[in-house]
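Below are two complexes that have chain A in common, paired first with chain B and then with chain C.
Up next, the complex of A and B:
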């Protein structure tokens, strides 16, 4: 059955793959990072198309910040961030190709072999989804999320504590 | 009032509001009220020659202004102007505001990188530094408003303020969101990405004609959008006696927009590294306190 939803899924799925490919086909760090961002946004839109509103919006929000921060770190640490020297984004070509082919075959095989069950026709609305997600996080998956949450909070506090204060006055 | 008529009125008021913000912006910079000034600037940029810098990044150069104005239009579409007057009532509206506004920074970063100029690039990276500073307090302040409404629908958040506006219920959250809104719209005192005196316009230093026009218009719309967001989240949205809901929304919005420019007029610029330091050392703990306080009051 071909529906608008399916067509959008195919379009944004292909967009995600195309932008993922662009990540390696450019020699500029910033273009590479923002291509990855575009790929992630396409995946976020896939969630939205599949009516998982919270996950879609969360994915789009988180990736915007994360990929931009990645861009600035790549700018800081690479010797040719602008790609003027035509540097490559990939290394060890033969091993990469082999790894890529094997992983693709494995993923396609898993997707074809898996029992996906029946396609859901009834699903809760966005508000109910948010509530159910909250219930999941605070009931069955509480341990996992609390561990991750507290770890991140500790990391945040630790990094603030060790951050050097910047002195404005010139001291001699 | 029929939905069509109220929709028309809201569009008209929004366009008028953008013009009013342009007049306010001029007034905050020059001290003179000039009603024809923004129209003259508009015509100037509209007719200006498009100059492209050497070796510019074509894709980013064309995408950045459209992305900038696109995310602002998306944000406007989810904000409720009165009961029932919302284009898309999203079940994750409160989160969506933040998600869309992150891409303001992405657009600035792209524009800064695209023109192949030093001032623009420094401006773009400053926009990112500011985002790292304000992103945590703003999302935590939003969380506290969602906690009270027990829903991420923006209409529910307005309804939850029936008895007491959020500005009084969670003043710490309001202050954090208000300051962050100034930083999101890169208004003074946080106008470092486009610092006129120092980077000669920063991100939009090398942009001319239609692209600059899109950025300038986008920023004015952004200021108004953020003012509406402040009104919806903290100032009771459309609530008020006698007048129709959307009139109250716009009255409050224009007041908030005017206060943005007044604050910017009197406070000196805050450097991005200072903003990072203040926000992470004081802003984040305050935002956590705000969530705790709202939680305690809700449980009492």
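Up next, the complex of A and C:
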């Protein structure tokens, strides 16, 4: 039986795939970044369709900011951000297509062949989900969450260090 | 069952597109976009496994948060490398980074 959830899953799944495909099919860098933003928002809506409300909203908010920053960087660093010169930005195209297709077919085959057991029908509501996720973070997964925090700090320091101008630091 | 399989197929196709992008693009920022798509596909899988197989195991949602952290960090470190690369060679085209070979 086709449920509303399945229809929404297919619609927004196809939207995520379409926009994901458009990222690499346009010459304009700004369009690429906006297509990726649309794909990530569609993934966030997929989370909402699968009733993971907190993660869905978080995904949309995070990716909205990240992709906007990405669009700015694309315009800063590209010689031809509008794609007017029709630059060729591909290499090893056939190998890449083959790798993408083989991996997709392999994963789809594994998904279809696997025995997934019983599908859960009962699940916590949004309020209970948030409470249980909070409890998970503060109890069993606290170490992992703390590690993520330290990793962010390390990433920030690494990014600033890498991006510093060598010329200026030598002058000082 | 069809909901889980649909979500997994969507994630598989997105992963394939991301892999194609990461392998075929010559621009550093475009390669990062491919990696972001692959991480997005992994997150769809995690949420689908949580919702349809183990709705009581919130460690799966926890892993989605870790994946989001990885996405943000990949963006930050990638842009830092792009900034330095642009300073030194005036481009972020990876075709012109052959001197990084050993």
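Operating definition for what follows: the second predicted complex is superposed on the first by the 149 of 172 C-alpha atoms of A that agree within 3 Å, B and C clash if a C-alpha of one lies under 4 Å from a C-alpha of the other, contacts with A are read in each partner's own complex, and residues count from 1 in each chain.
The rule we apply is simple: a contact is a pair of C-beta atoms (placed from the backbone, for glycine too) under 8 Å apart; a residue touches a chain by one contact, two chains touch by 3 or more.
Fair warning: this is a prediction, and the values are worked out from it, not measured in the lab.
Looking at the shared chain after the overlay, A:126 reaches chain B, while chain C stays out of its contact range.
Touch criterion met: A:61 reaches chain B, while chain C stays clear of it. In the superposition on chain A, contact is made by A:69 with both chain B and chain C. Using the contact criterion defined above for the overlaid structures, shared-chain residue A:158 touches chain C, although it does not reach chain B. Look at A:111: by the touch rule set out above, it reaches chain C but stays clear of chain B.
Chain A is touched at more residues by one of its partners, and among chain B and chain C that partner is C. Legend: residue contacts after superposition of the two complexes on their common chain; A:34 is shown touching chain B, with no touch to chain C.
Applying the stated contact rule after C-alpha superposition, one finds that A:5 touches chain C and leaves chain B untouched. Where the contact sets of chain A with chain B and with chain C meet, they give residues 54, 58, 69, 129, 156, 160, 163, 165-166. Contact residues on chain A toward chain C in their complex (touch as defined above): 3, 5-6, 9-10, 13-14, 16-17, 20-21, 23-24, 29, 32-33, 36, 39-40, 43, 46-47, 50-52, 54-55, 58-59, 62, 66, 69-70, 73-74, 76-79, 89-93, 95-97, 99-101, 103-104, 107-108, 111-112, 116-117, 119-120, 122-124, 129, 132-133, 135-137, 140-141, 144-145, 148, 151-152, 155-156, 158-163, 165-166.
Across the interface of their complex, chain B is touched by residues 28, 30-31, 34, 37, 53-54, 57-58, 60-61, 64-65, 68-69, 71-72, 75, 125-127, 129-130, 156, 160, 163, 165-166 of chain A.
Remark: chain C residues 1-21, 23-27, 29-30, 32-34, 36-37, 40, 43-44, 47-48, 50-56, 58-59, 61-62, 64-66, 68-69, 71-73, 75-77, 79-84, 86-88, 91-93, 95 touch chain A in the complex. Every residue of chain B that touches chain A in the complex is listed here, in rising order: 57, 59-60, 90-92, 95-96, 98-99, 102-103, 105-106, 109-110, 113, 125, 128, 131-132, 135, 151-153, 273-274, 277, 280-281, 284.
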